[in-house]
Every structure is written in structure tokens, then in C-alpha cells.
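Input: a single structure, listed below in C-alpha cells.
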Amino acid sequence: MKKQLLVIHGPNINLTGVREPGVYGSESLGQIDEEIRAYCEKEGFTCEIRQSNHEGQIIDWLHEAMGRADGIILNAGAYTHYSYAIHDAIAAVKIPCIEVHFSNIQARNDFRHLSVIAPVCVGSIAGFGKNSYLLAIDAFKKILV
Amino acid sequence: MKKQLLVIHGPNINLTGVREPGVYGSESLGQIDEEIRAYCEKEGFTCEIRQSNHEGQIIDWLHEAMGRADGIILNAGAYTHYSYAIHDAIAAVKIPCIEVHFSNIQARNDFRHLSVIAPVCVGSIAGFGKNSYLLAIDAFKKILV
Amino acid sequence: MKKQLLVIHGPNINLTGVREPGVYGSESLGQIDEEIRAYCEKEGFTCEIRQSNHEGQIIDWLHEAMGRADGIILNAGAYTHYSYAIHDAIAAVKIPCIEVHFSNIQARNDFRHLSVIAPVCVGSIAGFGKNSYLLAIDAFKKILV
Amino acid sequence: MKKQLLVIHGPNINLTGVREPGVYGSESLGQIDEEIRAYCEKEGFTCEIRQSNHEGQIIDWLHEAMGRADGIILNAGAYTHYSYAIHDAIAAVKIPCIEVHFSNIQARNDFRHLSVIAPVCVGSIAGFGKNSYLLAIDAFKKILV
Amino acid sequence: MKKQLLVIHGPNINLTGVREPGVYGSESLGQIDEEIRAYCEKEGFTCEIRQSNHEGQIIDWLHEAMGRADGIILNAGAYTHYSYAIHDAIAAVKIPCIEVHFSNIQARNDFRHLSVIAPVCVGSIAGFGKNSYLLAIDAFKKILV
Amino acid sequence: MKKQLLVIHGPNINLTGVREPGVYGSESLGQIDEEIRAYCEKEGFTCEIRQSNHEGQIIDWLHEAMGRADGIILNAGAYTHYSYAIHDAIAAVKIPCIEVHFSNIQARNDFRHLSVIAPVCVGSIAGFGKNSYLLAIDAFKKILV
Amino acid sequence: MKKQLLVIHGPNINLTGVREPGVYGSESLGQIDEEIRAYCEKEGFTCEIRQSNHEGQIIDWLHEAMGRADGIILNAGAYTHYSYAIHDAIAAVKIPCIEVHFSNIQARNDFRHLSVIAPVCVGSIAGFGKNSYLLAIDAFKKILV
Amino acid sequence: MKKQLLVIHGPNINLTGVREPGVYGSESLGQIDEEIRAYCEKEGFTCEIRQSNHEGQIIDWLHEAMGRADGIILNAGAYTHYSYAIHDAIAAVKIPCIEVHFSNIQARNDFRHLSVIAPVCVGSIAGFGKNSYLLAIDAFKKILV
Amino acid sequence: MKKQLLVIHGPNINLTGVREPGVYGSESLGQIDEEIRAYCEKEGFTCEIRQSNHEGQIIDWLHEAMGRADGIILNAGAYTHYSYAIHDAIAAVKIPCIEVHFSNIQARNDFRHLSVIAPVCVGSIAGFGKNSYLLAIDAFKKILV
Amino acid sequence: MKKQLLVIHGPNINLTGVREPGVYGSESLGQIDEEIRAYCEKEGFTCEIRQSNHEGQIIDWLHEAMGRADGIILNAGAYTHYSYAIHDAIAAVKIPCIEVHFSNIQARNDFRHLSVIAPVCVGSIAGFGKNSYLLAIDAFKKILV
Amino acid sequence: MKKQLLVIHGPNINLTGVREPGVYGSESLGQIDEEIRAYCEKEGFTCEIRQSNHEGQIIDWLHEAMGRADGIILNAGAYTHYSYAIHDAIAAVKIPCIEVHFSNIQARNDFRHLSVIAPVCVGSIAGFGKNSYLLAIDAFKKILV
Amino acid sequence: MKKQLLVIHGPNINLTGVREPGVYGSESLGQIDEEIRAYCEKEGFTCEIRQSNHEGQIIDWLHEAMGRADGIILNAGAYTHYSYAIHDAIAAVKIPCIEVHFSNIQARNDFRHLSVIAPVCVGSIAGFGKNSYLLAIDAFKKILV
């Protein structure tokens, strides 16, 4: 049976394509989601993709993933830098979670240097634009066997 | 007439029993809520119990408590450590609020050492698992007379 | 055609008139909103006013403003001090945003000294109570021509 | 056979009733000790109560408690904030210890925000005046069974 | 009788129009002072405008304002960030003082994030170029009645 | 009736004359105490002088001074820099206390720059060797009338 | 013509298989290098793999890569955390460089939280053991076209 | 021949009597200067008293004192906390200088805790209102013999 | 004539054998003291061994050692990390003092990283359990000749 | 036509020869100025030399240099370490400015480690006594062609 | 069979006898190595002694020691304070390592207070000049049995 | 006889002309070395110039300079900011060393603000591109006589 991946886009990622194209690329999130879905299918995963600007909603989805998802790909956006509540949620649900970012966050503004969720993620991939998501799928292919 | 208590469980506390049983115990939140309700009744309080992973929802509930609750028992979970918005809400509604935690937060990771809501709470009780809630009820019995 | 302003009140501002009248004044938010509306009309703006205690909701509204509002007046309340997610939203939507506060935040508690949203706002006005909003309208009158 | 509790009052607590009555109440320590003794008896504990302004004396008493006390209630006063020697003593004797404070220490001056003894205590109760001690007895009733 | 405003420009503001036009605009200080004077007259204030690069001179002027000015508009330039002596002067003279800045100081270099004079000003207005001064006049119109 | 002063020398001050004569002078503490007594008599005070290396002992003496001493002259030695327990004792007994030091502590090693007891003392005199004590007597003469 | 990748293993990575197998896996570096070579071949890259414990040697190799390598995969080991000299070398050679780590460095000891080389890398991949290298090859496949 | 003392009052001290009487007393600086002069005469000193709000003026006066004054009494006001230039001037002129303050500066706002001039003064006297000056004269009587 | 060594065990060291045997070994302090005495005799020293949990008592003993001991071996326990009073005592008595610790303090909890007494000790030996004391005797054999 | 240099000596530099000869040398400032003038002439520059202890005066001179001086040599003395106002002045006038110091400021007291003006200077020369000025002239010879 | 010790001298230790004789003694490293060898022989160890100024060389030697040395005596010189790469090498090879220093590093300049290798060493000995090495041999005699 | 200078270029300086020409100029290091040699000859020095990316190599060269070089000109590149080992080497060899930098390091990224070698250099020259080296030769001309 196919492994199930849950992809969660955090705050402001719905504006991808509009927001700083030099950093985030010019494709819309809809287009990127299509690529993620196609890549999952090609690599033998089913997937579910969600986006929210609400910290609490992201936590709810992480909880609901228990018993349903085999892996989580999370771009927590700016919540990466201060949401200890998301940190606790990832720790609680015990599903392997990969942290992804469009940009290389350690190379940008100071407040983006600290990831409070990294300590509870199995790994992190940053700086490859939309490919960060595809590389996380590659990673789960190597991990979830 | 009986005094009314509002018990608010913050983020990830709905996973109690699932999440790190060594820290949070193995009873589900439903079971714990039953004990809280029974204890309130025995001690002569009515109570209302809520849980949310949403910072904004917790603030809304604190506001709605004005004119209805005589005391608030709040386990703000990880929001304890950075939600100045919840801090402001407690200060605004002027209902006595007791901060509770399952674990002794000063004995865990660094980011759990600071409580930003403590300055606006009448007291805090931490480290007694589910009993932290029952002790808060004991405390209100001594305070609300 | 008239310029459109979006006024967003952040967390706990719905309690204005109830919460620390010495700091925030004794008028209710409803009354203040009336004054804001009247002043907008007088100065030749249309306006829309919203309040939420939810960080995610505020981000959603900032996003929805794209293509509709010509200027944003934002009192982010306590989110001012830690919401990098709101920071990112303001930066993404590229609508001129003025930060306002009832009180002179640098003159209060330490945690209110830092505004994480200031770097993406065109200006800030603080310390004039409800007049901070009216002065922001004055400012837009000088800017949006 | 009854469980034995050791109550230790740290520095300056002998002045209770004299020192800042707004913070510590107006009863003398003698009166409070009477209430603690009565409450212990009612709840089925024997107890021994001591006070010292000497850090070394407090450590000596903690050591002597080995093999005699089943639980310790410690209000370490200002030593709470810098006595790593008391920290080591609590860790060494391995008797469950509850930290209590009259006032909600995180809500007062900065130097009172850090408790260096919390990491070796089973829990902490702060902010309920003399009732903090009684609540600690309630807590031991729930723990020591 | 008309209210009297004292406008003080601090260090380097005499170079406005020459210094970083992208930040400070290209009008000379003389031209800006004309606009300030005209706006005061239109709004019913008399005003006096001064500029100095000397910290001590600014303090002297603040002292001399006692009994003569009803409001002070102060752009303390770089002294904003370290002159506790100006802080003390504003506190001593007890005339309402509004802090203004051409640029949004929290959005520039780190050393400009802290205003040591903000705690003794009634409010602050930053980021609107020369209009910051005019908005301060608007503010005094709302305050000084 | 004569006012009564209590002079307390803290840790290591019994070694005066032996310890770093360049800093503390070459007279023994006994000789200095004679001068203090003579000066008190000449200025119309009775006095009592004590020395201890024990933090707890110093606190006990501060407590015992209640109802007996009209002023306290305290050289807390190294406890000056970390004894919040002595800080609390001075605050509790409410007798005016002057902090004295042989050397100008802000001019020596870093750890001597902070006085945790200064906030509860009426004043401080440092840097005049044994004369710091005599100047404190002069000060009490001006204060205790 | 095939793109050329340079893989550099930094200090102590020659001990892989020996050093903390729980963190770094139990395969020897020789075995891992075989996998890296095979994967490169399969994905259409030529590659060259080197290891050194010498900071200066790594810098020399980075310099020599100019005009020869199209991409660099660098696991700088502990140098990641303090070698500004390697930082400068990467910046100088202007060949896209991906930072890789066996473990999720943000989840380990404090001193491993900061990467001083991240700001000059195109991206980083951490936490997937030897797969971090393979994912970097996947990433270059997406980038170097 | 009589010893000559130079008394320098720093910024804002000319407002004594007007500024926060609770802290600085209600006498004018003129009255206080009279008392200082009388006390000097009585104790056998000649004296010269000056006040300036200008950091540079204070430095000039310190320089001019070389060869003329035997002791300096300096209340540097807020310059105490950041004027390394005054620090250097005191060090350069090599005349014994006593730092005085009306209030006990370590007991007030944080920015008043550090004296950058203390390391080059022979001693400091703080917290005795105008008497701080008189005590400094007493101190010079004991020192300058 | 034989050289005399003074060995001082600080707080909680009386519990050696009871407290964390993994860190401190399972021999009682009595047994260890026997070994220290025997080793001293064998190496040609006389010795005196004392233990106290009281900071003040340790200071008193350091003072009494003047003129009697030729070398001091001090395990100050947790006082190592904050007792500037013990620091001052060692500096005052001018007897060579070697700091010893059972465990390698820099390898344990953060608060044990700083030794405030190290700057006034001739050397320090840590991490060898009871042998730390014997090595200190070896050291004095090399120093005290 | 000859290039014009402006040399500004900041606070306390008028005391050179008097102040710490070990650090600043024993020649008077007048003698040094003679050497500077002679060296300028020899190297083909005209020069103007000024000294002030007043921060504001230095700023005024920097402003007046616009259109007159081709290069500025500034020894800002202690203002180097905190005068952001001088920083702003140098930035505003856009004349190349070289920072000079007699001593190697990074090798002296802590407060001298930071130069707040360095970021707006073209270069800095420190540690060569009066030769620092001559080396700055050498430097301008290489720069101003 | 005899135990084998590896002694590694880090950077600048080859200059012993030349460099600051007051701190490091006046014997050459060759002479000291002779004493170390003689002492090893007398105490029943074989030994190998090496010196390098190269961080990478020290790491290589630590690696080569696996399977050959029973104990390592490392004076890492200044690398002690920042070489996390040496830290990792010691941790990886799992041979007991004793950190030695000629001087008492905590008593010297600030940057020498932190040892980044201490956490992976079994113990440390500092302050006894060349005897620090001999004491480490003494220590291994007690450990390696 | 001619004085001998040793010029050492540290890491990445071999890339001069390639690396950020805006900062470092467009001449190759070979060309710059020619100018340094010519200038030395003209000014009456012999010189030797070396470059290495290896921290240990630089230390070795510093050691070898003893007895051969009269002055050292060192551009330690990024090692400037953390190599305490180079710091120690300079201190040990006791040859006057001048620190040079192409750019004004205090004006660039934060990590370049601290020079750990400055405290052991006689002076430093930064910000003049290749001329920094020539100015150092000028400086030695003034020093080495």
C-alpha cells in the first residue's frame, strides 16, 4: 500500500508568485502544488496538501495526521522562528517531519536564523525554491522503506 | 450561588495520554476533564472546560468570561512562553487567573523557563500532572470566598 | 475616485473602554470606529474596519486587501512584538501600511519596546490614544496623492 | 503510619507580618505555623517546621531529613534565586521537595524570575500567600500515597 | 490666545536636502521650516523653530521653553539613541513633547532601534519625511484643547 | 536621647590591615572600630559594631536591629554583589541603611560593579577607605534629625 | 558533456562508521563514497571526493575547484560553526555550494546551531545521514541545467 | 593657604527645585549653592561653583582646573552614564575628583546603574540630596591634608 | 619541619557515597579522608581536613589558616560558582590554594562552567574523583619546596 | 592646485603631552600640529587643524568642510565610542574621512573596542602615536589623486 | 605489558622557554620532553610526544592513536578555546584524554576562560607549569589500571 | 645593514583580483607583491612575502621569523576574527607586528568587527586596499630606527 505524505504550507505561502519573486519564484502556489502532486505520484506516494496562515490550524492538522500520514513536509513560514506550540505538536504526533524552506533561511535576516522546530524534525532542506519540497519527497523515499 | 470556574487547556493538551506519557501521564484529556468536573462539584464550583490550539480562540474565550466566570484556570501550553497577546487578555478581563502546568516547566528545556503570562496571574502551580488542575481548584476555594 | 483605507485592530483592542482606561481611554471600540469612519468621510476616504484576536485572521485580511485597499492602518496589539508572520504578510502585499498604537509603546514594559513589523511599515504613530488612528488618516492624506 | 513532612522557611520569612504586608499578609509566622500544623494534622500528616536565615543551616536540615521526612516543603526566600548549594542538597537527599512562595515570583522584580532550585523540585506553588503552604500539603496528599 | 509650539531640529538636520535625499527628501531645511510655519499659522498655532548640532544647546532650549511653549516637537537626530541628558531635560520641563523622525527609525540600522527619549514623550511619529512635523502639529491640535 | 547606630562589617573585613593594604589601608579593624566609636561619641551617637563572614548572621543582626537601631551602616563586602537575601532583610526592617565601601567598587573588577543592595539603601559612600564609615556618620547626622 | 561535482568531507568524517554510529551510521566513509560515486554516475555527473581534517586544505581545494567543478557538496564538520575562512573561500570561488550534514545539526548541542557558512551556500540539507549527500546530488540535478 | 574646590553641576541640575521635587528636593540650585559656599567657608575651603548642560563645557572646565583646584566635586547628571569623554578628562587632569548624586542612582532606572566616570574618581557619594555635596566637602577635609 | 596542608570540603560533600555515586563514587567521605590523610603522611605532609555546608564557616577557616597552613586544597562545591566572598577570602590570606572537584565541572550543567574562585587559586584539578585531592597533594609536593 | 586637508582633534587631545605620556607621548599638541603642518607641506597638501572638546562643535566643523576640504583626518577621542551624531555628520558630508588614534584602541579598555564612526570612514590608523596622523597624510596621498 | 601514552603539544608550545617565561617557565620544550619521558619510564609507561601548530595535524594524530595509545595528554594551546573540530576528534576516538595547561587558564585573559574540549576530556590540570604534564601522568597511573 | 620585513598574506588573499573586486581591487596578488617589493626597496628594507590558507602554516612562519625578521606585516584574513593561536604566536615571537586589511573591517559584516590579534600588534591599518601594506612599510620606517 502506498505511503501517505502530508504537505503543510504555513503563513503567507499562499502568496507565492506574488511575494518577492526573486526569493520565492514566480509560479503560483497552485502550480507548485500540481508539481508536488505529480512528483508524489511518480515516486509512489499519495499526498495531501494544505495551506493556512493560522498557527492553531497548522497544529490541528498535525494532530489529525496521526494514524493517517506516514510523513509530513512542513514549511512553517515565519512560524518557524517562534512557534513553540508547533514544535510541541510535531513532538507529540511522532510522525517523521521534514522542515522545508524556499530560501536558505540562515542567509537572510537575523530573525530567520533560528528554527525552533528543527530540534523535533528528522531533517531540513532549505534554499532550493519549490525543489525543496521535491527533495523532501526524495528524502522520504529514502527514509520510509 | 455557586462560583463559576473556566478551565482552558491550550495547544497540544488535547493529545494528553498520547504525548510523552512520562511527562504528561497516560490518561486521556477526556478522563482528566471528568476528574476536574467531579472535583469542582465536590468542592462546590460549577465549571466549564475548553481546549484549543488557537491563540486567538483562547483570547476570545478569556474575553467572553467577563461577567460569567469568577476564576480562570489556564494551562497555556507553549503559548505560555511567547504569547504577549494572551498576557494582555488576562490583564484586560480582570478575572483572577491561575497558571497551571503538568510538568515543572523551570526543570525542562530552556525555552520553557520564562512564562510571559505569570506577571498577570494571581499564582502558578506546576509539576503535579493532572493534580495541578485540582490544586488550582483548592486554591480558588481558599481565594474566592 | 475615493481612496480606500483598511483599518485593522488586533488582539484585545475590542476591549477598549474596558481595559486600562488610563492607557486606552474610556470610549468603546464601537464609538472609536464611528469617529474613524466619520473622519475618513470628511477627509475623502472610504474605509473598512475590522478587529480580530487571531494572528492568522489578520494575515488573511492583509492578503485580501491586495487590489482593494490603497492604504492599511494596523494596530497589531501585542502581535506587534513577535509576529514575524504579520511582518511577512505586510511585506508581501506591498500596500503602504501605517503602524498605530494607542500608547507610546517605547514608554511602557520592556517587551513592548521592539516592533517586529516596523521595518515593513511606511511609518508609525504612537501615543495619541484614538487620535493615533486619525493622525494616520491625516498621514495617508499627505501620502496617497 | 503517618507520613512526615518537613517545612523549611528560608531567609527573612521570620519577619512575615512585619515585612511588606501587602505582599506577605499581616499574620505573624507563628500564626501561620499554627495553621500549617493544624492543616497537617487534619490531612493526616505529622510535620516539623523550621526557619533559618542561614544558607548552610538550610542545607544541614535538608541532609538531616534523609530517613526521617517523606516530603519537604521549602520556601527558600531569596536563596531561591542563587543558591546552587541548596539545589545540590535537594538533589542529593532524594526526598520529594515542593517549592513554595507567598508571592507570584515571576510577577515581581527581575531577579526573582529565575528559580535555581526548581529543576530539582517535583513541583512549585507560588502566589497564594500562606495558602501556598497549605496547597503544598494538598499536593503531598495526592502524591504521597 | 494662540498656543505656542517650539520645534527643535537636532544634529545634522541642517543638512536636509543634502544628506541622503532618498531618506530625508531633497528640500532644504529652510524650505521645510517655511512649510512648518505656514501649517502652524493655518492650524492656529504660533511657532518658533530652532536647529543645533549641540546636545547642550538643545537642553538649554528645552529649559527656556518653560512658561513659554505649550508643546514641543523634537527631532533629536542621532541624540535620540543615547542622550539621557535630553531625556532628563524633557522629563524636567513637563511640557508635552512629541518625538518626530523623517525616517521610520525602527526600519534602519540597529543603533537607531532604541529611542531613549520615547519614555518621556507623549507620542512619536516617524517615517513620513517632512510630514512627520506637520502630523505632530495635527496631533497637538487634537491634544492641546 | 542619643540616636543609636549599628555598624556591620561583612565578610573578610576582619582581615583589614592584612588584606591588600594598598586598597584597604594598613590599620587593623580593631583600630578602625576605635575611630568609629570615638567619632560616633563626638557626633552624639551611640553605636554598636559587629563583624561576620556569615550571610545568615548579617541577616539575623539586621532583624534584631528593629526597635533598637535608628540607622545602619553596612559594608556587606562581597555579599554586596549577590546577596538578595540581605537585600530582602534591609527592605523588611525599614531602618535607614547606608551602604559603605573602602574602595570605589565601580573602579575595580567587573563583578564588583553591581550592588544588589543599593536599591534598598538610602545612600552609598564608596572609595574613602575607613573614612567611608565616618562620612556615613556625618550623613546620618544630617538625615536623623 | 557531464557536469563535475566536488564532494568535500571535513574534519573527523573519515571516522564515520567508528564515531557515534547512532548519529553517523555504521558504514565506513569508503562505503559511503562508493554510493556517492555510483549515484553520481547514475544521475549523470562525474565526481571527485576528498576528505581532510585541515581547515587550510579544504580552503585550498575550494580554490582549486575554480574552472573545474560545476558544483560543490561540502560537509564542513565542526568547521561549519566557526570557520569564517571557509566562508570566505566559498564566497570567493563563486561555484554553487550545497552544505550537507549527517545529523540535524539544529537538534544537537548548542554550539552546532550556528552555521557560519550557510550565508554563502545556495542551500543546505541536514539530518538524513549519508542520504544528505545523495539529496544534494538530486538538488544539483535540478539546479545545474 | 586655603585649598580650592571646584564644584561642577552637570545637565539639568539648574532645574533643581523644579524637577521631580520628591527626588531632588524643593530648594533652588541658587539656594543649594549658597549652602555649599557657606559650608566650604566653615570647613576652610575656598570654592568655585559652575553649572552647564554642555558636555564639552564640562570638559573645558575640568581642563582649566589644572593648577588651580585641589579637588573637584562633580555631579555629571545623565552624562555620568555615557560620557567617556568626561571620563578621559578626569583621568587626564589628575586632580582628585569625587562623584556625587542627589539620588541613589543604583536604586532608580536601569540606565542609571552604570557610572562610566566612577573608575577615575577617588570616591562616590549618592543618595543624600543636597547633602551629598556637603559630605563630599567633609570627605575632602579628610583627604586633602 | 613538615609542611601543613588544610583540606576543606564545601557544601554537600559530606553526602559523598550517597549522592550520585556515578559522579562522586561510592566511598563515604570518611573513607576518602582516610586516604587523603595516609597519602599526606606518605608524601611528607601533615594535614587537617574539614567540611562545612556554611559559606561563612569556610571563610572563617580560610582566615584561621593564616600562619598555620602552607597550602590549601579547596573543594568549594556549588559555592565555586557564586561565592565572591570565598574568592575574597582566598585572595586575602595569601596561602597557595588549589581548587579541586570530583567531576570535570566544565563538562556538566551550565551553571557549573564558571568558577569564581579560579582567578585566585594557583591551579585547579577536576574530574578525577577522590584522586583530584591526591593529585593536589602531588602538586603541592612540586610547589612547596 | 593643492588638496586641502582638515585635521580635527577631539576631546582631551589638547592635553597631549600632559595626559598619560606613556600612551600619548610627551610632545604638546602644539608641537605635534607643527609636525603635521610641515609634513602636509612636504607632501603637497594645505591643511587646517582644529581641536574641540565639544561634540556639537566637531559636527559643525564637519559640516563647514563641505566644498572646502578634500579629506578629513579625525581623532574623535572618546566620542569615537558613542557619538552616532558624529557618525551621521561624516556620512552626510561625503568627504573621505580617515579615523586616527594615538593608541591601538582595540588593545586598551573594553569601552574603547567599538568605533561607531568606523563604518563611515574610508580607513583607520591606530597605535602609532603622533605618527598615526602622518600615516593618514601618506594615505591621502595615495587616495586623493 | 606497558601502557602507552600519547602526549600532544599544540600551537606555540614549541616556543616554551622563549615565550613569556613568567608564565611558561624557562626550560625549552626539548628539556621538558626529556622530563616527561623520564617520568613516564619511572612510572611504568611508554610514551610518544608530538608537537604541531596545525589544528588538522593534531586531529590526524588523535585519529592515528586509535588502537595504539591507552591515554592521551593534550595541551591544545589556544585551540582549547575554539576548536570544536578537536573536540569532535577526542569524542570520536574514545581514548581517555586529559587536558593540561601550563598556566591557570581561568585566571588569565577572558578568552581563555572557556575550554571547548573540556566536555570530552576525563579531566583537566592547569596552572603547574611543566608539572601539569607530570601530574597527568600521575593521574593516568591512577586511572589506567 | 637593511632591516628585514616579513609580509604574510592569510587565507583567500591569493584570490585577490578575482574575489569581490569592489572591495579588494582588480590587481592580482602577484602584481601587488611586486609593488610591495619595489616599495620596500625604495624605502630601504629587504622583504620576504608569503601566502597560506593554513592557520598552522602561518604560525610556523611567525615562529621561523625569530632572529630573521625585524618587522611583520600580517593580513590574517578571516583568521583575524577567531585565531587565538595566531594571537599567541605573535605574542610569543616578540617581533613588532602590524595588522593590515584591504577593507575597513569595522565597516563590514558583524563577524569582522572583532580582531583577536589586535591586542598583540603594535598597530593596525585597514581600509586602504593594497596601500594598507605600503602604509605599514611607512610605519615601520618610523618605528624601526
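Every chain is named by a letter (A, B, C, D, E, F, G, H, I, J, K and L) in the order it is written, and numbering of its residues begins at 1.
Just so we're on the same page, a residue touches a chain if its C-beta (ideal position, glycine included) is under 8 Å from a C-beta of that chain, and two chains touch if they have at least 3 such contacts.
Everything quoted here is computed from the prediction, not taken from an experiment.
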Lowest number of touching-chain links that must be crossed from subunit K to subunit L: 1
Labels of chains that are neighbours to subunit E and to subunit J: H
Counterpart interface for D-I, drawn from C-E, K-L or B-D and sharing over half of its contact pairs: K-L
Copies subunit C and subunit E touch via same or different residues, half shared test: same
Chain pair with the higher count of C-beta pairs in contact (F-I, B-D): B-D
Whole-Å gap between the CA centroids of subunit G and subunit I: 48
Centre-to-centre distance between subunit L and subunit B (centres being mean Cα positions), rounded to whole Å: 63
Touching two or more other chains - residue numbers and ranges from subunit G: 54-57, 82
Interchain contacts (touch definition) - all pairs: A-B, A-C, A-G, B-C, B-D, C-E, D-F, D-I, E-H, E-J, F-H, F-I, G-K, G-L, H-J, I-K, J-L, K-L
Residue ranges of subunit A touching subunit G (in the complex, touch as defined): 98, 104, 106-107, 113-115, 118-128, 131-132, 134-135, 138-139, 142-143
In the complex, subunit B residues that touch subunit C: 54-57, 59-60, 63, 66, 82-85, 87-89, 91-93, 116
Partner subunit H, residues of subunit J touching it in the complex: 10-12, 14-15, 18-20, 52-57, 77-79, 81-82, 111
